[in-house]
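Each remark here refers to the structure printed beneath this line.
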Amino acid sequence: MSVTSVNGNQNRINGIADLDEVAGVLRQHVHALAERSSRAPASVRLSARGVELEISWPDSAQPAAGPPVPVPAVELPSTTETSAASTFPLCAATVGVFYRAPEPGAKPFVSEGDTIRPGQQVAIIEAMKLMIPVEADRAGTVLEVLVADGESVEHGQPLLTLGPAEGAAR
Amino acid sequence: MSVTSVNGNQNRINGIADLDEVAGVLRQHVHALAERSSRAPASVRLSARGVELEISWPDSAQPAAGPPVPVPAVELPSTTETSAASTFPLCAATVGVFYRAPEPGAKPFVSEGDTIRPGQQVAIIEAMKLMIPVEADRAGTVLEVLVADGESVEHGQPLLTLGPAEGAAR
Amino acid sequence: MISKVLIANRGEIALRIARTCREAGVATVAAHSAEDRDSAVVRFADESVQIGPGPAKSSYLSIPAVVEAARARGADAIHPGYGFLSENADFAEVCEAEGLTFIGPSARVMNLLGDKSSARAIMLDAGLPLLPGSRDALTSAQEAKELADEIGYPVIIKAVAGGGGRGMAVVRDPADFDRAYATTRANAQAVFRDGRLYVERYLDSARHVEIQVLGDGHGDVVHLGARDCSLQRRHQKLVEESPAPRLDPRIVAEMGEAAVRGARAVGYTGAGTFEFLVDGAGRFYFMEVNCRLQVEHPVTEMVTGIDLVREQLRVAAGEPLGFTQDEVRHRGVAIECRVNAEDPARDFAPTPGTLTRCVLPGGAFVRVDTHVEHGYRIPALYDSLLAKLIVWAPDRDAAIAKMRRVLAETEIRGAGVSTTAEFLAGLLDHPRFRAAEHDTALIGSLTVPA
Amino acid sequence: MISKVLIANRGEIALRIARTCREAGVATVAAHSAEDRDSAVVRFADESVQIGPGPAKSSYLSIPAVVEAARARGADAIHPGYGFLSENADFAEVCEAEGLTFIGPSARVMNLLGDKSSARAIMLDAGLPLLPGSRDALTSAQEAKELADEIGYPVIIKAVAGGGGRGMAVVRDPADFDRAYATTRANAQAVFRDGRLYVERYLDSARHVEIQVLGDGHGDVVHLGARDCSLQRRHQKLVEESPAPRLDPRIVAEMGEAAVRGARAVGYTGAGTFEFLVDGAGRFYFMEVNCRLQVEHPVTEMVTGIDLVREQLRVAAGEPLGFTQDEVRHRGVAIECRVNAEDPARDFAPTPGTLTRCVLPGGAFVRVDTHVEHGYRIPALYDSLLAKLIVWAPDRDAAIAKMRRVLAETEIRGAGVSTTAEFLAGLLDHPRFRAAEHDTALIGSLTVPA
């Protein structure tokens, strides 16, 4: 991210304590953005109630460097977004044991390269002897099965990577 | 640090004390951002109530870099410096008891409105029966005596507020 | 031997359990919800496993998720902490069936004591004093009313499946009885899926005093003295101390013996708490047994030097207790204050938010049990306990003075976050608390709307 | 009665003193340098006064500044903590002259014990065992050499005005004696402005064991048992414990009696420490008396339940001690680790900087004495102690396991900041420490450059 700006309501502030508090809140949020983002920002601007805070960091690449560097600002995000949108994980809804096939030795529900439709069963998670079907929540192509047959998975763990459905691919 | 600018807009704040206070709050927050971030920022700009504080550090790349904000870096500091230079405190070099006069009942060393020269004695601080002269470190006019005769002061406590010397006043 | 414990809880108690496990050389698995994935216990434990989304129903309260997680990580025991599944006999039964050691009493004992009606009957038979009331569950409103008239008002109607302050109604006027009975029954049916009720005499001004017991599987049961938990707000304890102040040690000894007798009668193993009401004349009456570690267990640890979780592990591993009743030595006074993320000015409404400042107290004879730190985000999903502050001192006055210091030192702040720290400081200054003349009604009398 | 104490110190010990004052109902004034104006003790104390700029020479070591500050704020007593002015007899004398209560022994006692030569003579007369050496200060290199030859090598040459590990040299070869004597004398003259030296036998492998004493002005002197502080790096203690492990309780009792005898002989009041060396055969030898609270005093507090600062306040107010020797009860084992802002990989160079993460340990039987928190800026001007971690457990193995857990839980980070936490964890794992076979030479043997 290169610039983040959040605009609060424009009530003006009264007195120093108020200013101190507003500035403190802005600072904490800027700090949190800087410290807790998986990608370190180049700069952040945050303003609210007439107080504006902007900060930039030195070790960031071009974004902070201004006009001389022609940043391909249109293309890069679009590539990234496409790439982000093009694959998505299917995650475990429950903790349990992951099975690719209805029973030992049987054909897997899906294999890499298969096209799947929304609602199609792609695996089983066994929890407490209960066989819970894992269903696709959207159409797509199976790019990768991330968990081996019979392996334990936790809640939220990615099971499969899906790509765009055949028809939707560019 | 390479650039520091404080912008005092007289429409929004009343008097020097107000400016001082607002600038002080901004300064503390900028300081906190600079000192408590795991990544040292390249520049920080914080504005509120018509006061704008911008700071950048030398060891970082191009300062603030952002094209959107044209900072009049040359003009502002000059205003500021005049205003900052116009009053300054004379602080206690040691903890002790403050006396305005050489002895009880005598004429005070200085009174409000007096012009003083560098090195001139303006008060006494008594510490452990030692009479330590307080001397002005620069020329100026006594605007205010901040501590009452016989009161205890701590190290660094402002004793007098000085204004520009008569001849230097605009 | 237990080699790996799955901790099926969150917050301070999960971390507290993990700490003792680490010290005992037992590996830990933190079972956590998606909401708690960045929590202190997840960082501290040897392993972690996400068992479900934020809502406790699908994570901390999900028996299949917890059991699967334990199996997946090869844990041989599960510590349920307090709350959540800790007093769920079904869960204990599933653990037993799955070959997992449930760290707590057996499912059989939990069933017997979880049913307040059977618990009353067992304890009555074991010779514990009970308030006048029904021995068994009531069968009709008619029978209930007749019993109430016989006992004398005020009476309290309680759900057999209730506990911890839920599912009860006080009736002062016989004319109100039938309506209160019907309402409580409907509530009990809805909340506990068990509409059975019982009735007993209600004490208006009583102290809540409880006895900590520990039983091993070798027939040994000991008690670790009393805790006074009379400072309650709507049946939620706020301040706890040990020993119980202004209570004759001979009465405490009798209560301890009664609790041990009751625990033996039911075959209790592990850590448990016998709750009693004590009236103004020093008479005590058995209320219920909590089949788990209590939130307030640290005050007992501070005065006895015994780590209760360490003893729980020992007992769960089939070992005998690390000491005998004669070896239990009480020393000084310990007080605990619960700092909650609640706003006393808005009827103790929870105040979720992110902590922008978090300075916890320290120094001599101070213990802090918490999972929060600078930057911690208080989730809105769970209970509001932020930190337990526990102090020890040679005497009660010194302990109160220390707690006042400790509360003054505590700074927990964040946008929208309030805590009960200041309210607690006010409570400690109340003349009735200072004089140890407080009872369970004190806070109610302070916080009733004007 | 003392109603207001000025604390002439900084860091964790200033806060620690302020805490007990608050609990005792005594008001506090934090005397601080400009560098420390935002420190924890300044926020915690009832009042604060800036006594000078950052350098200690013009602030914490400035007698006029401290005394003026006390007078300005109406303090009736001064607590010097440890270090800085705490063992400065001149300061104690100025306080006495100014009508301020110096919280520590009298100037007379500090003069007698601060001079190692007179201390040796007094303790010898009181029947304490000393290592063979000079009773009085040496008058010439010639005399010194003859004495050393008589004692037998190795010998140690010490400055009469030294202490705390400064101003000493070990000589193993008689050929090196003259040069070592001259160097030590020059150093002592430069550092202490007192070139007088004495010589005694040097023990290569000895344990550093010290006895905590407390004396009141009513003729009562008690001891609170032993601390083992053998884990030292260049005479700086890193790990301390109580009781002294693998030391026959009868020997500890003898040491305690010897210390009490010595304290009585000199008329000691307040808290003090008798340092001894103990050789492999369990023979002990008096070394010196520290006329102040020690950094490691919390381990004694943890095993006895006695707040040493509280007792210091009592004695300074002219009251008798709060207990008798018979009432002192020792329980379990306490260990302290000092976490310093130092980089063990760069010869323990100090690492000033700002803390961007500061998670301190907590839980059962854990005490943290610190002044640092998230965002704290470690100044380059003062010593590098960040936090003292103290644990208690029923036995030594459990205490070590707890300390390992506590160190693992501690996260103190910042750009450029290193701490000794991991190094300490390694020390605790050393087989010789585990077996309590360590002595003062252990760390040196681990950290010598390869």
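When the chains are written out, they are named A, B, C and D in that same order, and each has its own residue count from 1.
One rule holds in what follows: a residue touches a chain if its C-beta (ideal position, glycine included) is under 8 Å from a C-beta of that chain, and two chains touch if they have at least 3 such contacts.
This is a predicted model, so every value here is computed, not measured.
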| item | value |
| --- | --- |
| Taking each chain's C-alpha mean as its centre, the one farthest from subunit D | A |
| Inter-chain centre distance, subunit B versus subunit C - centres from mean C-alpha coordinates, in Å | 57 |
| For subunit C paired with subunit D, centre-to-centre distance based on mean C-alpha positions, whole Å | 42 |
| Rounded Å distance, subunit A centre to subunit C centre (Cα mean) | 40 |
| Distance between the centres, which are taken as Cα means, of subunit B and subunit A, whole angstrom | 49 |
| Junction residues of subunit A - those touching two or more other chains | 24, 35 |
| Subunit D, residues touching no fewer than two other chains | 356 |
| Category of the chain touch graph - line, ring, star, complete, other | ring |
| All chain pairs that touch each other | A-B, A-C, B-D, C-D |
| Of all residues in subunit B, those that touch subunit A in their complex | 21-22, 25-26, 28-29, 32-33, 36-49, 57, 59-62, 64-67, 69 |
| Touch list for subunit C against partner subunit A, complex | 33-34, 49-53, 59, 63-65, 67-69, 71-73, 94, 354, 356, 375, 415 |
| Interfacial residue positions of subunit A with respect to subunit C in the complex | 24-25, 28, 32, 94-97, 127-128, 130, 152-157 |
| Touch list for subunit D against partner subunit C, complex | 15-16, 19-20, 22-25, 40, 44, 298, 301, 305, 307, 309, 329, 331-332, 358-360, 362-370, 373-374, 392, 394, 398, 401-402, 404-405, 408-409 |
| Residues of subunit A that touch subunit B when the two form their complex | 3, 13, 16, 19-20, 22-24, 26-27, 30-31, 34-35, 40, 43, 50-59, 64-67 |
